[in-house]
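Next up: some structures, all given as C-alpha cells.
Both of the next two complexes hold chain A, though its partner changes from chain B to chain C.
The block that comes next holds the complex of A and B.
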C-alpha cells in the first residue's frame, strides 16, 4: 500500500515539473517509433506481427492522427462535427487531382488541399455558427455538407466520377521514389511519415491547449453565452477551430491517397468514414490530448484484426465491430482516459467498505 | 520537369461545363410551357414515392421528438421490414400483404429490444454516444442480414399490373404502398391525438420533466415510442418491398432522406413529415428525370442545408407531435 502511495506521490511531483509533458511525449512517441520492431519480437514462438501487421499499425496511426485533428474542433470547442469526411476527401481528391493533371508535387498539393479544406470548413462554420445551430442540428448539418460532396464528386466527370483516381508514379511528376516524391516502395517509411504527422498535430494540439486559445475553446465548450458575456469572441474562435481541424484532416486525406493507390468517392467520402475519423477520439476521451491516440490503438486493431480473421463469413467482422462500438459507448461514456481514475474510485470504494466492516466488527 | 499537356487539363465548369445545369433547366421550362404530359406522370410518381418517404420519416421524427435521439438504425429497420415481407411470402407462400402487419410486429419487438439494450443506458450521455451506439446497431443488423440472406438483391414475387388514368401510368404496387402509408399515418395520428397513451407520448415530447411531474412513466413511454417508431419503419419498408428490389444496404438512402424530411418538416411534426416527404419525393422524381446521374441527391442536400440555416425548426416546427 505504502509503495503504491509513494509511487503515486513521486509521479505527482514529476507531473508538476515543467519538463513533464516533454518527457511524456518523448516516451510515447519513442514507444510508437519502436513499435514496428516490437511487433516482430518472438514471444513463445508467436510473432505479434502475424496478426498485428505493419499495415494495421499504419491505419491505427492514420486514425489517431485524424481523431487528433477532429479533436481540435469538436473535442476542445465542443462543436460536434459529424462531417469530417468532407475535409478528408477534399485532401485526398485535391492532392490526386493536382498530381494527375498538373503533375504537382504531392507535398505542395497536400498544402493546397489543406487550404481548400480549411476554406470549406470556414464556409460550413460561417453558415452554421452564425445561425447558432446546436447539438443534433449541428451534427446533421456537418453530415449533410460531407454527403453533399460525395454526390457532387460522383456526378463530376472532371473528378473521374465514381471511378476515382489511381495514383500516378513518381516519374510522372518528375521525382524518384523517396521522401520528396511522398512515395516509398515499402511500408516502413510510410509508418514513420504518418507518425511524424501525428507528432506535428499532437504538438499543435498541445500548444493550443496550453495557450489562451485553448482557454477560450474550453470556455466556449462549457457555456458559450457565459464565455461571450465575459468577452470571448466565440464566433471567431470557433471559426479558428474549424479551420485548423479541417486543414489537418485534409493532410490526413492526402496521406491516405498516397498510401493507398486508389481513391473513390465511396471510400474517402463514405458515410461511415465520418465515424471512423472521429471514433478514436470518442473512445479515448474527447477533449484530451492522449485520448485520440489511445483510442485508435483500441478501435482500429479490433476492426482490422476482425476483418482479416473472419474472411470466410463476409460481414461477421462488422457485427463484432458494431457490438464493440455499442459496448464501448455504454460502458465507457467518458473514454478510456477515465479508466485509471474510475479504477481508483472503485478501489477506494472497496477499501472503504472493508474498513467499515472492521469498524463494525 | 515532365511535359504538361495543357489540352488534357480540364477545369470544372468551364468549356461546356455549365451545360449540364442549364440544359435540364431549359428542358424543364420548355416542358412546363408546353404543358407536356410527362409532367403529370412525374407528379404522380413523386406523390407515390413521397408517401412512403413520409411514413419512413414519421417513425424517425417520433423517436427524435420524444427522446431527442438520432436513430441511425432507422434505415436498417426499414430493410428488416422488407426482408420480413419477402420471407413470409417466399417461405409460407402467402400474400405479401399479410406480411405487412407481421413486419410491424417484428419491428416493434426489435425496436423495444434495441432501445432497452443500447439506447436506454445512454439516454443522458453526450449525444455523440447515442449516435455511435445506433450506428453500431446499424452495422450489426445490416451485417446479420447480409450473412443470413446474402448481399444479393431480392424481390417480392408479385405481379399487380398497373392503372392507366387519363394518360398517366400508375403501377399498382406503388399505389398500394401509398395507400398503406397514408392509412398508417392517419391511424398513428388518431392514436396520438385521441388515446390516453398517445397524449402521454405527446406530453413527454413536449416536456420530459413536466411529464415526469404529472406522473407519466417516461421510461415506458420511451420504449413504446422506440417500438412504434421502428414498427412504422417496418411498415414503410414492407410497402416499399411491394414495388422495389432491395438488398441489405438499401436502407442508407432512405435513412439520409428521412433525416432531410425530418429537418425540413420540423422536429416531431406530423404534417411536416408528410409535406417534407412529398417535397423530397418530388425532387427525387423530377431530378432523376431531368438531371444526369444522382445529381438530384445533391439538390436534396442543398435543400437540407438551406433549411437548417434559414429555419432550423423546420416548416412546421413547434406544431403538434
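The block that comes next holds the complex of A and C.
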C-alpha cells in the first residue's frame, strides 16, 4: 500500500467519526479568522496584502455568505434562482429606509428586512411553483421578479429613486461606533462580523443538510414527481427553501448597506448582482456545504484584483466572471469541490490501464 | 375500503378513463388487468392523486379523496409503487428507504420497519450506502417495494411490480406481495403476469378502453378461456 493510500484510509476513518464535521468547521473558520494576518506575512520581501487587501477579503466573505444562502434554495432543492438580487436589494433598502425614517437600529432593521425578503420570496414561490415553472423558465421568472424591483425602486421617490441612500452616522440613530451600531471605523471588525454571518449561515445550512428537511430537499431536486409520489409535500418544502434563502440573502444585503457608504438601485439591484450572488456556489459546487465558500475564494479575489489592476480595461472583472461561468458549466458542472474525486477516478483509470499492460506483456 | 364511482380522468385534453367503477375491500388482493393502453396506470395515478379526476368520486373509508394532493393521500395510508420505479437514483439506498416513511405513524415506527425491511430484503441491507441508480433492475424493484412498505401502508398499490424482471425475481416479488398481504395490508395491483396474479388475487377487474368490462373472482377469470384469450393476451 502506498503512502497516499494509507493517508486516504486514515482520512476515511476520521471522516466516519461524529466529531469530524466539527473539527473541519473549526479548522476552516480558524483559517479564515487568521487570514487577515496571514496575508500580511512577509515572504521573501513580498506581501500577499500588496495585492490582496482586507477589503477584497471582506468582499470575498460577503459573496461566500450570499452564495451559501443561495445554495440553500437553489443548490439543495434544485430550483435555480437567477434573481437573488431581489432579496439582496430588499435587505439593503429596508435596512436603510428604516434607519433613515425611524432611526431603527440596523440589527433590528436587518431582521425586518429579512422577513420582508422572505415574504417576497414566498410570493415568487407561490406564483412560480403553483404553475409548475421549472428549469430555465423558473430561472427567467426569478430574474424578472428581481428586475421588476429595480424599476420600481428607481421610480419611487419614497425610496430616493435612482439616488439611493447614504449611510447615516451612528450618532444619527443614537449610537456610537461599535458592534451595536453595526458601524466601525476600520475594516478589521467588519471582516470578523461578516465571518460571523458566514459561520451562522453555514451552520444552518449544515443542520438543514443533515436533517429531514435536507432529505426532502434533495429528493425534490432529484425527481420532483417521485418525491410527490412517495408523499413529500414538494410545494411546501420548496416554499420553505425560498423563504430561508431569501431571509439570509437579505441579511447579506443589510450588511452590504452598512459596510459601504451608499446603496443605489444600480448597485444592489443590478442585473449583474444576480450573477455575483450565485456564481461562487456554481463554481465551488452547488448543493455542497463547502462549495460556496471555496467558490468565492476563487472567483472574487481574481475578479477584484483584475478590476483594480487593469483600471484601463473597463469591465474586465465581468469578463472574468463570464469566463468562469462558461468554463465551469461546460467542464465541471459539479464544481471545484468535485475535483479531488474526479482526479482520483482518473488516477485509478490510469493505473488500471498500466497494470493491464503489464499483464499483457 | 376504496371505491371508485364513474371516474373520468386523463392527460390535459385527452380523456383516458371514461367512467371507471371499482371497489377494493379491506384485506383483499385485487388485480386490475387489461391490454396496453387500457388505462390501468392512469387509474392508479388518479387514485393516488398524481392525476386528478375530472368527474366522479373516489372514496376511501367513506371519505372522498379525489380532490386531495398526493401527499395527503399518502397520509391516509395509500402508498403507491409506480411502474417506472421513480427511485432517487443519485441518493443512497438508505436515503431512499427513509424517504418512504412520510406519515407521522410511519415515522414513529421507522427504525422498526427499517429493520424488518432489511431482513425481508437482505440484498438491500448489503447495499445500504450504495447509490440506488447503480443497482440492477431487480434490486431497484425490491427497493421500490421496500420504500413503499416503509410508509406503513394500509392499501398498497402496485403498478406492474414484476415488469422487466427475470422469472426467478418475478417469483420473489410475488412472494413479497403475499407476505405483505398476510400481515394485513390490502393490495391493488396491475400486472402483466396475468396467470400468476389471478392465482394470487381474490378478485380481478378487466379493463378495456378506459372502462371496466368485467369483474369476477380471480380463479373464475382464470378458468374462462375466452377472457384469457381475448383480454389477457395469453
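One rule holds in what follows: the second predicted complex is superposed on the first by the 352 of 361 C-alpha atoms of A that agree within 3 Å, B and C clash if a C-alpha of one lies under 4 Å from a C-alpha of the other, contacts with A are read in each partner's own complex, and residues count from 1 in each chain.
Rule of thumb we're sticking to: a contact is a pair of C-beta atoms (placed from the backbone, for glycine too) under 8 Å apart; a residue touches a chain by one contact, two chains touch by 3 or more.
All figures in this text were calculated on a predicted structure; none of them were measured in a lab.
Shared-chain residue A:329: touches chain B; no touch with chain C.
In the superposition on chain A, A:158 makes contact with chain B only, not with chain C. Once the two complexes are overlaid on the shared chain, A:140 sits against chain B while remaining clear of chain C. Using the contact criterion defined above for the overlaid structures, shared-chain residue A:218 touches chain C, although it does not reach chain B. For chain A, the partner that touches more of its residues is B, with chain B and chain C as the two candidates.
Of the two partner chains, chain C is the only one touched by A:233; chain B is not. In the three-chain superposition model, chain A touches chain B and chain C at no common residue. For chain C in complex with chain A, the touching residues are 48, 50, 69-71, 74-75, 79-80, 82, 86-91, 95, 98-100, 102-103, 147-148, 151.
Interface residues of chain A, counted against chain B in their complex, comprise 80, 82, 101-103, 127-128, 131, 133, 135-137, 139-141, 143-145, 147-148, 151-152, 154-156, 158-159, 161, 172-174, 271-272, 275, 278-279, 282, 286, 313-316, 318-319, 321-326, 329-330, 333.
Those residues of chain B whose C-beta lies close enough to touch chain A in the complex are 1-2, 4, 8-12, 17, 64, 68, 70, 117-118, 121-122, 125-133, 135-140, 142-144, 146-147, 151, 252, 256, 259-260, 263, 292-295, 297-298, 301-302, 304-305, 308-310, 312. The part of chain A that touches chain C in the complex is made up of residues 215-216, 218-219, 222-223, 225-234.
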